[in-house]
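Per-chain numbering from 1; labels A, B and C assigned in written order.
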Amino acid sequence: MAFPIAYLLDMLVFTGIFGIMALSLNLEFGHTGLPNFGKVAFFMIGAYTSALITLAGYPFILGITGAMAVSAFFGAIVSLPAIRLREDYLAILTLAFGEILRLILKNEEWIAGGVLGLKGIPEALTTTSFKSALYGHLIVVYIFVVTFYIFLRFLEKSPYGRLLKAIREDELAAQSLGKNTVWYKAQALAIGSAIAGSSGGLYAQYLSYIGPDLFMPVITFAVWAMVIIGGVGNHKGVLVGALIYQIFERGSRIFKDYLQIPIDPNNMMFMIFGLLLIIVLMFRPEGLIKEEKIKLL
Amino acid sequence: MSKIKKKILMLVAVILLVAAFGAGCAEKQAPSETPSEKPTPSEQPPQPEVIKIGVLLDLSGDLGAIGQKMKLGAELAQKEFDSLGGIGGKKIELVVEDAATDPAKAVEAMKKLVEVEGVKVVVGPMTSSETLAVAKYVNDRNVVIISPSATAGKITELGDDYVFRTVGSDDLQAAALLDLMKSRGYSKIATFVIANDYGIGFEDYFKKYVPEMVALSIRYDPQKGDYRTELQQVKDAGVDAIIFVGYVDSGKVVFRQAADLGLDEIDWLSSEGIAENVMFEDAKTADFMAKVEMIGTKPSSTGFTYEKFAEKHRQAFGSDPDLFSDYTYDATMLAILAAGTAPSYDGPQIREALKKVSEWYNGATGYKLFDENGDPAFYTYNVWKVVKTDTGFKYEIIGHWAPATGLELIP
Amino acid sequence: MLEIVDIHKEFDGLKVLNGVSLEVKKGHVVGLIGPNGSGKTTLFNVIAGVYKPTGGKILLDGEPVHGLKPDQLYRKGLVRTFQIPRPFRNLTVLDNLLLASRNQRGEKFARVFNFTKWKMQERELVEKAEKTLELINLIHLQDEYAGNLSGGQLKLLELGRALMSDPKILLLDEPAGGVNPTLAMKLFAKIDELAHLKNLTFFIIEHRMETLLNYSDYMFVLYKGRVIVEGKPQEVMEDEKVIEVYLGEL
């Protein structure tokens, strides 16, 4: 039977998965000021690592742990040459890294199935029916969302989070106050990448299939849009941003059935969303939900 | 907010807008659709006398232009039944969704078709990645899908499930090409394939079955536009033949550059990707193809059923059918016949009905009996050869290949 | 305390520092004056590790420190402020000061989860920061974003941050620039007091030498990348070369 609520629940699962990505970018860019334009790379590393681990017969929790560890490793390594320099170098480097990695995975079958990717990835929970599986996914994904949200809020309200923000505000000033900013930036990218990696792992087990075509650079920009619209620097905001993005994406698909529009709904969604982005940047550059004033005690 | 931060945010916004604008421009090239053909579910609540057929094609993105034309094939099938008053008294409604050349979007659109529209049989998706991405979901939800254009060999492995396709696997065509190669007695070949599932599928097949023959394998990036280094490698490798698998745009460039390098001493073999007359629009390319007497394979689309389809297509839309629109037509016909003859509108029953229907259906692309993997069981490839005629160039059919009969060359 | 020996600095062949040598004694307030473009801020940046010198030596308590990075110098007790204040704008005034403290262990990721410990430390540090804020007359703004402060207040904040870090030697780049004259006088009085009570060492850039007159123990005059005159403030004021340099600027 048709099960319209499933489309809604599916949307919430996607919101959760991309919400985690948005949270990780918020730690990197919103709090530390690091413009990571290779978000999709760490998403992809997480997805492939977790898929390979679970396909080899190991449990999901090991897959996710592996995904986080490998993503964190790459997050730290890739950024090392760039974080000593200005922010724009990091942006270019991470952007290139994402595409190069995707092309490698596409062309080297021995790593993970090449151009057609990996199929039959085991799900986190074994369930009997489609409905229970969907609710299961929802629970699993939101356990991660809530855990990361609490973790990141805790970090934000700690001297560590305060220091990251200081680096964002003025790196030289932070250095002059004795902070080894390069080391902290590497840490922030490692933590952010680990979180993005877990999101990739969740994505892989939810779709049960991954291939290089699923990890186009547009994902990076979608995550950026979520963060900008929701509120740079506010973890609650970026989750709202992720929800808004999904509503736009699905909404345009539903609305085209009721409204006659001269252009393809998929393109229209991009246009309206781009416009929304410009409007937000012009009239409310801090995003829908502003960054909070934090008190540690 | 710091200056750099503001700059970065603006950059993101601009990139998104440019992406949207680019997509919008690409969209304009595709034929606009007639508004009256739009499904309007708001006005038509699902009634038992309407059979819903999902159509999931790439109407935007990289393959948007092709997808828009394939959609015409589906519409033609629906029109035919509607002019007869539907099937078994039931009207047919096409529910069209756009997969946007993106496997993630394909999954999302498929979920909308199934969960929101209640569709049980879907024509699509177009690409192999999209088909692999939706496969688990449609099996879980017992929804039949019939892809008109996903050719990857890997789809065969999905096994006894709800995934069918009206086109043959690349593995089949690779087998045809291999027989052709063997008939010519090559001992060393080079593969020169486009770096996507289509090209790599062929490369893998040859490497798997005749590893000793493949002296050199090159994958090319269609965006690159300069393949002289790679072609020189082929020349230096001293092979008997080069197997080129790609599409027309990059094919033209490769052949022109091969001509410049004097790579006409060896034999050239290719596949359906370039077996189109547009190749001959470029004189140098055409000359080269004729000079090396290029041969290759392509799915058989001759015979009176195809001509009948092409005629109907011209009548309805005023244009010749394009790549894969015949396969889309057949997929839609099969979907309608299966849903119309199944005892109820229910996935497993439609699947059984589809298998029965496929036993006798003879469509634009011939008989469509499905094997146990949901692939077409009878599949014939034509063997073509480029020849120069008085009026120009053409692909002359010099033989056939089918799994049962093997290679048969016209003497 | 701080010894600078024959420091050179070139930018693309442009010689900005041309063999600067000077010494800052412990517990002294030492002034560095000179007209615009004489290389004062560059010298500070070289000392503070922002630039690497092209030649020469810098010794802190007899130990060579040239080529070290700002954060490494900070850990050795050398702290600087900026001519144009560089506050953390989207953090509160209080947080700006707290960030300057040396021993908040909660800044280490490995210890951030031991929150009972860092909260305890935080309480002590807040107390210390509040005292410092009282000293620089910013206590009423402690929960305000630093970005909302006026130019003079930012100068004070810079000084406050520097004081928070328990430095051995403070490098202040025009601490009184943009601060109203009454407050500037108070500020220098405070600096004088700190230097002599707590035995802190100050090395201060000032563009207008009059301000430093009453509060510095020793002065160096920098001109075209060289120290041209040094001595007690009164002597320096009366030196012909200095008058010439300053008049020449006018």
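Simple rule for what comes next: a contact is a pair of C-beta atoms (placed from the backbone, for glycine too) under 8 Å apart; a residue touches a chain by one contact, two chains touch by 3 or more.
Treat the numbers as computed from the prediction; the structure is a model and nothing was measured.
If each chain is drawn as a node and touching chains are joined, the picture is a simple open line. The most central chain, judged by the distance from its Cα centroid to the centroid of all protein Cα atoms shown, is A.
Across the assembly, the mean Cα position most removed from that of subunit C is the one of B.
Chain centres here are Cα means. That of subunit A falls 33 Å from that of subunit B.
Computed from the mean C-alpha positions, the centre of subunit A lies at a distance of 42 Å from the centre of subunit C.
Between subunit B and subunit C, the centres computed from C-alpha atoms are 71 Å apart. Across the assembly, subunit A contributes 168-169 as residues in contact with two or more other chains.
Of all residues in subunit B, those that touch two or more other chains are 1-2.
Counting partners per residue, subunit C has 89-90 as the residues that reach two or more other chains.
Of all residues in subunit A, those touching subunit B in their complex are 1-7, 10, 14, 29, 33, 35, 86-88, 91, 106-107, 109, 114-117, 119-120, 130, 133, 168-169, 207-209, 211, 213-214, 216, 218, 221, 224-225, 228, 232, 249-250, 253-254, 257-258, 260, 262-267, 270-271, 273-275, 277-278, 281, 285-286.
If you check the complex, the residues on subunit B that touch subunit A are 1-2, 4-6, 8-10, 12-13, 15-17, 19-21, 23-24, 27, 32, 35, 38-42, 59-61, 64, 97-98, 100, 102-105, 107-109, 111-112, 114-118, 127-129, 132-133, 135-137, 140-141, 152, 154, 158, 195-197, 200, 204, 219. Touching subunit A in their complex are the following residues of subunit C: 48, 50, 69-71, 74-75, 79-80, 82, 86-92, 95, 98-100, 102, 104-109, 112, 115, 118-119, 122-123, 126, 143, 145, 161, 165. Those residues of subunit A that touch subunit C in the complex are listed here as 154-155, 158-160, 162-163, 165-166, 168-170, 172-181, 187, 191, 233, 291, 293-294, 296-297.
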